[in-house]
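Heads up, the next two complexes both have chain A, just with different partners, chain B and then chain C.
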Partner chain A sequence: MKLATKLRIVVLVAAVAAVELLCRAGIIKAFTMIPPSEMALSLWRLVAAGKAHNDMLRTLSAVGVALFASIVAGAAAGTAIHSLPRVRRTLDPLLAAYYSVPVFVFYPMFIVIFGLNDRPKIVIGFLYAVAAMIINTLNGLDRVAPVLRKTARVFRMGPAATTFKVVLPCAAPYLFTGVKLAVAYSFIGVVGSEFILSTGGLGYQIGFAYHDFNNRTMYALILFILAVTLIANMSLHAWEKVLLARRGLL
Partner chain B sequence: MSARFPAAFFRSRAFDFAVFAALFLALWQVAHEWGGEVAMTAPLDTLVFSAKTLASAEFWPHAYATLRAFLIALVLASTAGVLAGAALGFHRLSGEVSEPILVGVYSIPKVTLYPIILLFFGIGIEAKVAFGALHGVIPIILFTMNAVRNIKPVYIKTARVMRLGPWPLFRHVLLPATLPEVFTGLRVGFALTLIGTLLSEMFGSRSGIGFQLMNAIGLHNMDIIMSLTFLLVAFAGTANAAMLALDHRLHRRV
Partner chain C sequence: MRRPAGVPRMSEAHVVLEGVTRMFPREGQAPLHALGPIDLELRAGEFFGVVGPSGCGKSTLLDVIAGLSLPSAGWIAIDGTTVGGEVPEGVGVVFQDDASFPWLTVWDNIAFGLRQRGAGAAEIAERVTRALALMGLGDFARAYPAQLSGGMRQRVCIARTLVLQPRLILLDEPFGALDQQTRLLMGDELLNLWRQTGATILLITHALDEAAMLSDRVGVMSARPGRFLEIVETAWPRERDSRIVASSAFGAITGRLWSLLRGESLKAMQLERRAE
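Showing the complex of A and B:
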């Protein structure tokens, strides 16, 4: 193992241990934060009792829909925009400015349009994630060397074969970055919307527990969301490494 | 006609952009006709009401509250981010140890952490500042760290050959070498800090534009929702466009 990796584990363990000690010693009061060990225990109990299953399912399925839609639509839109230089020239500065606009300000409008159900938060998650996917699809397609496309033509490959055997493998690293960002952004969009105004889901339950001074439930659910996003990101990262290693790029 | 509008005009960026803007406005108008006044105000009405909002007395105290929290958060995030990023950039091992941790923290949905911030700081400007700064600081650290790491060693060696003292070394070598990347980080940090500040206002606060927006949802006042959204998008878009132009200029200079 590399020295940096070892040190990183030491740093992380020390940080958690420090928070644990501060909480146990009463320097951080129990109504502000509970010790990390109790967060984990509380989450375990919550899952074992099945109390949060409905909300977990609701949030995760909303994230799933937003994520799937944003990946498909983002890749499709990215490909379309890439093939139309004039459209791209017009949209490029707008895409660069996209993440400077807080998408959540549209949430009230979507509630009015779709009603107070799961649809507005899916739309927010989608809108947050789709631009990252479009931008990274464009970046990936830019990196496909013209000579590769020409070679495909020399071999008389059809559009489908060219896409799957030449373009996608070349653009894969960038598409992966897009997917990783889309995971993070669709979570932010959905959970953030649930916080602001919703009728259920993990964000809603965290907000509810906060107003109820129920720190055990609140911290358990926060831990759950953090764990899910970190695991999703780390598995994508591991998969990406496998793909890169197979192509001899690592 | 063709004499006054040469073919080049129809191929220009300005023409493309005008077509795009016209399409966008048309879509907005159609969506308004289709969804009705309840769902969306028409483009022209939104503009008129935005102007009225800007002239109204109750808008400015909220705008001031948001702007104040945002600016304090931005100053904190920039200072801490640039200093930490520079330290992690110069000390390679610490940089290597902390980079994956920072990327990990960057990718978690920070909205989930907002109740914790509220418990630590209470409802008020402190929570807004903390949440805004939390959003902005990590990209600033990451960009600054990369900028410092990518300084060409030959620059520093040359400076040593010329016996530059610490201040001239910073002023004439380190600063110009890192400025473009650091500025990109600050631009991203600016946008994220604004998002963090607004988000904290929407979830729990007693003042600010985010609070006004939430109030308007409660009252189902579409005029206020649309005009505040429009004003925020206009502000964020304009600030970003200006910073992006400066960013491109800085990068071209190198």
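Showing the complex of A and C:
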């Protein structure tokens, strides 16, 4: 294990231990926050009792759909925009300014269009994630050396084979950055939407527990979301490191 | 595509270029005349070197012969078939820039073209193993290009071309990024491969000694627009290696090449300064 990894673990453990001590000592009131160990215990009980299964499934499947759609659509749109330099010149400033648009404000409009079901929050998750995927696809494709495209022509490869066998594999580490961001943004979009107007899902249940002064459920569910996003992100990060190491980029 | 109707069959040479010219359109300016007209015949199995001042259109010449770009005028035929728009079957190209695929191992890089062509597993294994041994890469089959030196990566690219057994190999300054000693040794390997495969080789290089050592004939190009000023016969035996650089004939050939090129190189420098 590298020293940086050890230090990271020490900092994390120390931070959790400090919160635990502050909560146990009563410096942080139970009304505000419960100790991390109790959060973990509450989550375990919640999972064991099966009380949150439906909401977990609902949120995770909505995130999954938004994520998958944003990866596919973002990579396809990025590839298409990259092949049309004039379109790219037009869209570049819009993509750069994209995150200044608070997509959540469109939630009521999406409910009118798609109904009071899971689709509006999937659309919001998708809209948050897709721009990251497009931007990173463009970034990745910019880094494909022209000589590799020429090599594909020497191998008499058509446009589709060139894209799938040369261009996208070459851009893979940069697409991976897009996927990592898309995971985070689709979670933000879906869970954030559930807080506002949804009828179910983890965001809704966290909001409900908050209004009900049910700190145990609220923190257990927050911990669950943190754990899922952290595990997803760390797994992708580990895979990304393997790809980068193969190319001598680490 | 066959030679256009009305275009006479000029010779039985492997590669024929007639009146090949390349212009590049420029916005708001007259088109840039980069190359030609070029008339050239390459004999089957010969090693032909091309030297010229920077920016004279050497790489443009390679691109049009390979079918990577179309000539603005004139035509190119390989074995009697006109080249147009796409790289003809049986033509291999090695570029100056590292073109190894960084996401594939050395083995998979070399097998790439064979897989693309739909070769069977046994054929791929046999040809790749042979190419690895030939290029001295046997111990690096599972390595990724990033783990290799620049010279080894270039050998991977050469091996990837050779496994397809091309009849015509076009080399665009393949040793440009290597040091002098490695270039001489790579030159020896290239001569070996050339003798073993019997392919026709066209080598673009800026190094006069490399052209003089490797080639049967060396075409000397003028400053832009690049045309052949003279084609110098080296008269080397087919069995040769880098030791010929110590011979007096080698000095005479490089001297001849430099005397042809000196004035053109000065012209090219002036053109570059004007462009700045």
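In this section, the second predicted complex is superposed on the first by the 243 of 250 C-alpha atoms of A that agree within 3 Å, B and C clash if a C-alpha of one lies under 4 Å from a C-alpha of the other, contacts with A are read in each partner's own complex, and residues count from 1 in each chain.
To be clear about the criterion, a residue touches a chain if its C-beta (ideal position, glycine included) is under 8 Å from a C-beta of that chain, and two chains touch if they have at least 3 such contacts.
If you're wondering where the values come from, they're calculated on a predicted model, not measured in any experiment.
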First (chain B), second (chain C), both or neither touched by A:Met157: second
When the two structures are overlaid on chain A, which partner does A:Leu243 contact: first (chain B), second (chain C), both, or neither? second
Touch test for A:Met218: chain B only (first), chain C only (second), both, or neither? first
Going by the contact rule set out at the top, does A:Phe31 touch chain B (first), chain C (second), both, or neither? first
State whether A:Phe208 touches chain B only (first), chain C only (second), both chains, or neither. neither
On the A-aligned overlay, A:Cys170 touches which partner chain: chain B = first, chain C = second, or both, or neither? second
Have a look at where A:Leu148 lands relative to chain B and chain C in the superposition and call it first, second, both or neither. second
When the two structures are laid over each other on chain A, which of chain B and chain C touches more residues of chain A? B
So, A:Ala96: does it touch chain B (first), chain C (second), both, or neither? first
Intersection of chain A interface sets (partners chain B, chain C): none
Residue positions on chain A within touch of chain B in the complex are 3-4, 7-8, 11-12, 31-33, 86-87, 89-91, 93, 96-97, 99-102, 104-106, 108-109, 111-113, 180, 183-184, 187-188, 191-192, 195-197, 203, 206-207, 209-210, 215, 218, 222, 225-226, 229-230, 233
Would you mind writing out the residues of chain B in touch with chain A in their complex? 13, 16-17, 19-20, 35, 38-40, 93, 96-98, 100-101, 104, 107-116, 118-120, 188, 190-192, 194-195, 198-199, 202-203, 213-214, 216-217, 220, 222, 225-226, 228-229, 232-233, 236-237, 239-241, 244
Considering the complex alone, what residue numbers of chain A touch chain C? 145, 147-148, 150-151, 153-157, 161, 165-166, 169-170, 172, 243, 246-249
Could you list, by residue number, the parts of chain C that touch chain A in their complex? 66, 68, 86-87, 89, 91-93, 95, 97-99, 101-104, 112-113, 116, 144-147
